[in-house]
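Two complexes are shown next, each including subunit A; its partner changes from subunit B in the first to subunit C in the second.
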Partner chain A sequence: MKTMEAKPSMGRRAWNWLDLRYKLGPLFEALLHVEIPISARTFYLGGITLFFFMVQAITGILLAIYYQPTPEAAHKSILFIMNSVNFGWLIRSIHSWGANLMILFCVMHLLRVFFQAAYKAPREVTWVVGIVLLVATLGFGFTGYLLPWDQRAFWATTVGSEIAGAVPLVGPKLLIFLRSGTEVTARTLSRFFGMHVLVLPLSLVGALLVHIVMVHQQGLADPKRKMADPNEVALASAPASGSEPETKRKLLPFFPNYVLDEVIAWYVMLAVLIVLASLFPAGLEAPANPLLTPAHTKPEWYFLFLYQWLKLVPRIVGVALPILGGLLLVLLPFFDRNPYIAARRRPIAITIATITLIGVVAFTIWGWRS
Partner chain B sequence: MEEHPQTGSDKGQAPELSRRRFLGYFLGFSVVATAVGVLTPVIGYLWPPSKAAAGGSGRVEVGKTIDFPAGQGKVVPVNDKPVIVVNTAQGGLKAYSAICTHLGCIVGWDQPRQFILCPCHDGRFNPINGAVISGPPPAPLPELPVTVEGDAVYVTSGSA
Partner chain C sequence: MNLSRSTAQRLIFIAAGILLLLLMSGFAAAQETPPGIPHPLEGRDACLGCHEAGLAGAPQIPADHTGRTNEMCRACHQPATTAAVTPAEASSETPSAPSDDDAVATPSALPVATATTGALVMPHSLEGHQNCLECHAAAGATPVPTGATPAPAGGPPHIPHPLAGREDCLACHRDGIGGAPQVPQDHAGRTSDMCQGCHQPIQAPEASPAAALAGPLPTPIVHPQGQGANTCLDCHAKLGGKQTDMTTQWQRSTHAERDVSCADCHGGDPTATTKETAMSPAAGFVGVPAKSAIPALCASCHADVASMRQYNLSTDQYAQYSDSVHGKLLAQGDTNVATCSDCHGGHQVLKANDPASAVYPANVPTLCASCHADKDLMASYGIPTDQFDLYRGSVHGHALLDQQDFRAPTCAACHGTHGAAPPGFSEVANVCGSCHSATQDYYSTSAHAKGGDTSPKCVTCHGPHDVSQPTDALLTGTEPRHCGNCHTPDSAEGKVAQSMYDAFDATTQAYTDAENSIKSAQELGMLVTQQETELQQANTGIITARAAQHTLDSDTVMKSLDEAQKAADGAKAGAEAAIAQSILRRRAMVIAVAGIVLTSGVLYFMKRQLDRRLKHES
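What follows is the complex of A and B.
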């Protein structure tokens, strides 16, 4: 039985001991005790993407413990993980599903930010860093796909890098760079492995920290504000009370209110991951055979729209147009100078985005059914 | 769990405090349950599967009789474990585990001096019975059964 009330709890005393020495109070005050507009609707998409990234980091480290990145051993080591290692099938299936869900939620987060016009001033650079994060996430998907070294992995990478080879001007060099030679070989595998477990994680974590610090410094965008204002007072630096001259924004504490909701969303996602991984575990095809292309080579669902698009148009157009689209996406906050926030006040942006979105979804379904 | 009925019946305290404490325990239980649920597969995964630990066992052909002339010895693999086979005038054909009983280095045959030598800390073993002659090894090298059929030499290991 513990002695209550009279003495502070063990945890509290440990905290006080540390706080006395390292002054943790002000740090946590600054990190957690910020406020967000009560009308903000994030749907927790960015936080869920972060959750999936953490899941990928943990399961990825676990997989790397048994995985062997050589053509002779890769496929066997995956079989070993699936069949012999305790919970190996679960860890790999969660990694596989987590990758898909991370991309899905990253894109949904982007769409939310777009439709709520949260990328507008003063949050232009946060958007650009966000696109960098999306590209890094897709890079994870592309490089990770090769690692099981089965037929599907080998041929998806062959076709995918061939497409990169069609990029105007730098294409042929890019193809050699990606494959570490003219063909997909052992050198491609170790290159993709290095990218997947070292280069991309470090880059993504760096960009993620920048992204989060930026969001923290400015606070969440209020979708109910009338116009984008580059001089918008940063919520984190504004005093919690006495913001009279401000437009009397209604605020909600980030901690615990928002954080609690976010954690609930993470719990739901953890359950979704476990259910999906258990019911539909990750598969493995026959070992890669460079002399035999299987009948229907298709990329993962998030590249399907590109795949279908490339079937319809000449290769140079097919590759150049998505690159142009990507560039426009990065630069969006800089050429979309319309300051209004409400969707009906920005008909052009909303219309173009909706048509593009419908196009991408239609091409994805088309590519999937073809 | 024991605190559970207390919250309802305890009239001495303000009800807010009891509810707060109950929720505190509930939160603690949830955190612990989550940690256990996540850590169980992770620790289970990290523990090497039993198949990988056992190297296998049984009788293995290590060479022909002409490979082991008198007064010589050599290290051969038997079921993924190193075994030293020696042929001496007094002891005849013998096989010992080549893993030094001191710190696990692989012993070798010292041709000029005619004994089994561990290169790490100068442990010396008698080739006739595997006993320690000198040096730090705490125990003799375990002997393994050798059989000769025709001109083939077999060593049997890992009867466990």
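What follows is the complex of A and C.
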């Protein structure tokens, strides 16, 4: 008797063809089976940051088709994009707002990870790579800001690179390296464009891959766990001993549940981007004039706290403290010896972080209003 | 025939004697003094250059001088110039006819010089003759001043010129040099000191007050040089009060930087260590200069081109001041007027571009007002005292004193600095036009400019000191400074004014509309750079039209206004299009967001299902 076999669908057959050649099965197993504790509360901040990066990459490529990175043509090319290119205004405005939101959500993701102690063992290196991603994101913001070559861009970059020049020992050399000279000139624009479009994207994508692979390998941290345990991942992947089912973490399927949640968050962010781009399109000031210093020049908002801090205290203090803070941030998992996860068991860390956060926000607002 | 020995001896002696005599006379003749050199020697070391060939009328060297060189000439020929300068001396030595010392003594060497070189040699000494213009007043170098009257009938002619420095009458009158009447034949043998025995000076006519009261000559005060020393400070800096203030002021001044010190203005010996020596008249001590002497004192340096050249300072201040109202009144003895130190300071003289200087542009109105706003001081001159208040409220005063805009005129810009005098009515257009040149060009083509003093000038409509921001309202209305003040509304001119007003009104309205549209577009986040440029062009057109209205010609004004209107309309259209685009975008945004919300809703619904399934499974 002949058994009637259902003919596999076209998709299935395509899959089988590839799987036969490339062993896609195990690969996708790993990709799609990320351990998400059911109690995990990421607020999808990291994913949103990734979303914004993808938006920036796409809109950036579209802008790069029309943008010309020379002082003579830059401003005009931006005007052309805004006025003459179909939906050019939309692409540029999304890119401008996307940059601000990417930085904002990157910082919010960092804060979430900190307050949930997700940086503790076994996720120390993930945290370090995350700091690298933060620096790269800020670098994107700094280099991209100059590209319109209008008064705001030119002078904010001048002020910002002066801050870089204040770093002890390497400051002056760093300033010259950044500006490709002692002043902001056409060479600076070239250098910033190259950084923004080649160096930083490649660096960020590389670090991002490492970061995501790490997260996938370890799964998301359970905020309800009691203590940081270096053996957490090893234990989780150990064959079920069967003895303590209740200690086994309850997991949420990465695909489709968590992915769907992320996609919804991304859609909401897309709506936010469209609203912001339509109601508050990207502006453009007068073309850069090195001989005309505007009355009030400030760096972009994400550097304002630093800018205001430097205005207030002597240069040594003004530079030392942020550098110290930066080092603290990078090496946080290595000198935070407290194994506990719960906030009430981490009073020092929580207090310092809260004060720092309030300080940074306050200085940002102060810098904005000064 | 045979002569005896003694006779022959006698003959020989006589012949020798005659020969000797001949020789001696010849020698004497040869020893006759060679002609003097009748011309100055400066730059004329190569005598043979002219005299060898007799060039330019120079006497050719005689044949017996062949082989002699330039250096040898002066061994015999002496300059006659000393004699030419003091002919009195020479003539007194030769009371009668020209002596053998021909070339040295007589001024006849002079006319030779004149004839040969063509240059007019000064027939009198320079002593007491520094001011050439004292006698040689106007064009024409005749020593005779204008207004000479003829001699009374039958008597010896009067001397029609001043006698100062002209003791040697014969210097000019012997040969009639410079137009001087030549002495008649019957005066032969008379000397210069005999002339005034018969010829009397003319009774000089009453000199005009201006000429007689011309200011003193700028003359430096003669005093021992300090070579950097200035002992005046040693005492005066320590005396306290006003004395110390003076020294501090001087030390901060620009004069102190240039080593112009106390003695240069006050005289005295700046190296002396005792008061008596330092402040002695012998050392040239003058003390506080008289007010009337101050301009000349300052001018002794500041009118000297050679001294002022290194500082690139002009040297016409004294000449200007002498012609100013202040200078003329001072020359008449009025010491209430401003002199150099009243404006520039006495000891605290600073450069005019120093903000602390009283003559710094921003400080000039206050400086002038320090006298000209003083009612008591100005009462005797009948000058009003409200100029500063009027100026302060004017556009010029506001620009200069409130906005530090140094393009705006100060009192000195219109009235002059050193040569200060109010411009005459007919000069006003040129004064205002020195800055408002475009407007002046337009005005000069108008009927107003061609009417002389009866038609309006700038100040008629805009005011002299109280220049206010002109508005289009000047074109209408009948108040003073408005067109209607002279032209009735139904006159041809009145109609032109009205039509200009209407045109300005329409165009400025179009400009305002465009400006508002652009602002709205900008508030919506639209980039309207091209429209902003067009708006600026419209503004330029309106400004040009405002200047052009001084031609009083409608067509000229309308041409600029039409261009401005076109630019404003274009700007407005562009801005309105941007606003429309913004509205379209917002509408599209609503649609897009609605789509996203819809999709999100669907996805959320799917999520809820998945969650429910998960819960169910666990």
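Assorted remarks:
Throughout what follows, the second predicted complex is superposed on the first by the 347 of 370 C-alpha atoms of A that agree within 3 Å, B and C clash if a C-alpha of one lies under 4 Å from a C-alpha of the other, contacts with A are read in each partner's own complex, and residues count from 1 in each chain.
The definition used in the following text is that a residue touches a chain if its C-beta (ideal position, glycine included) is under 8 Å from a C-beta of that chain, and two chains touch if they have at least 3 such contacts.
Values in this document were obtained by computation on a predicted structure and should not be read as measured data.
When the shared chain is aligned, no partner comes close enough to touch A:Val319: not subunit B, not subunit C.
Measured by the number of subunit A residues touched, the leading partner among subunit B and subunit C is C.
By the document's definition of touching, neither partner reaches A:Ala156: not subunit B, not subunit C. Of the two partner chains, neither subunit B nor subunit C is touched by A:Ala74. Once chain A of one complex is fitted onto chain A of the other, the partner contacts of A:Ile65 are limited to subunit B, with no touch recorded for subunit C. By the touch criterion stated above, A:Leu252 is placed in contact with subunit C alone, subunit B being left untouched.
On subunit A, the surface patch touched by subunit B in one complex and by subunit C in the other comprises residues 90. Looking at the complex, you find that subunit A touches subunit B at residues 58, 62, 65, 84-88, 90-91. Residues of subunit C that touch subunit A in their complex: 525-527, 529, 585-586, 588-589, 592-593, 596-597, 599-600, 603-604, 606-607, 610-611, 614, 618. By the touch rule above, subunit B contacts subunit A in their complex via residues 41-42, 44-47, 49, 51-52. The touching residues of subunit A, when paired with subunit C in their complex, are 79, 82-83, 89-90, 250, 252-253, 256-257, 260-261, 263-264, 267-268, 270-271, 274-275, 278-281, 283-284.
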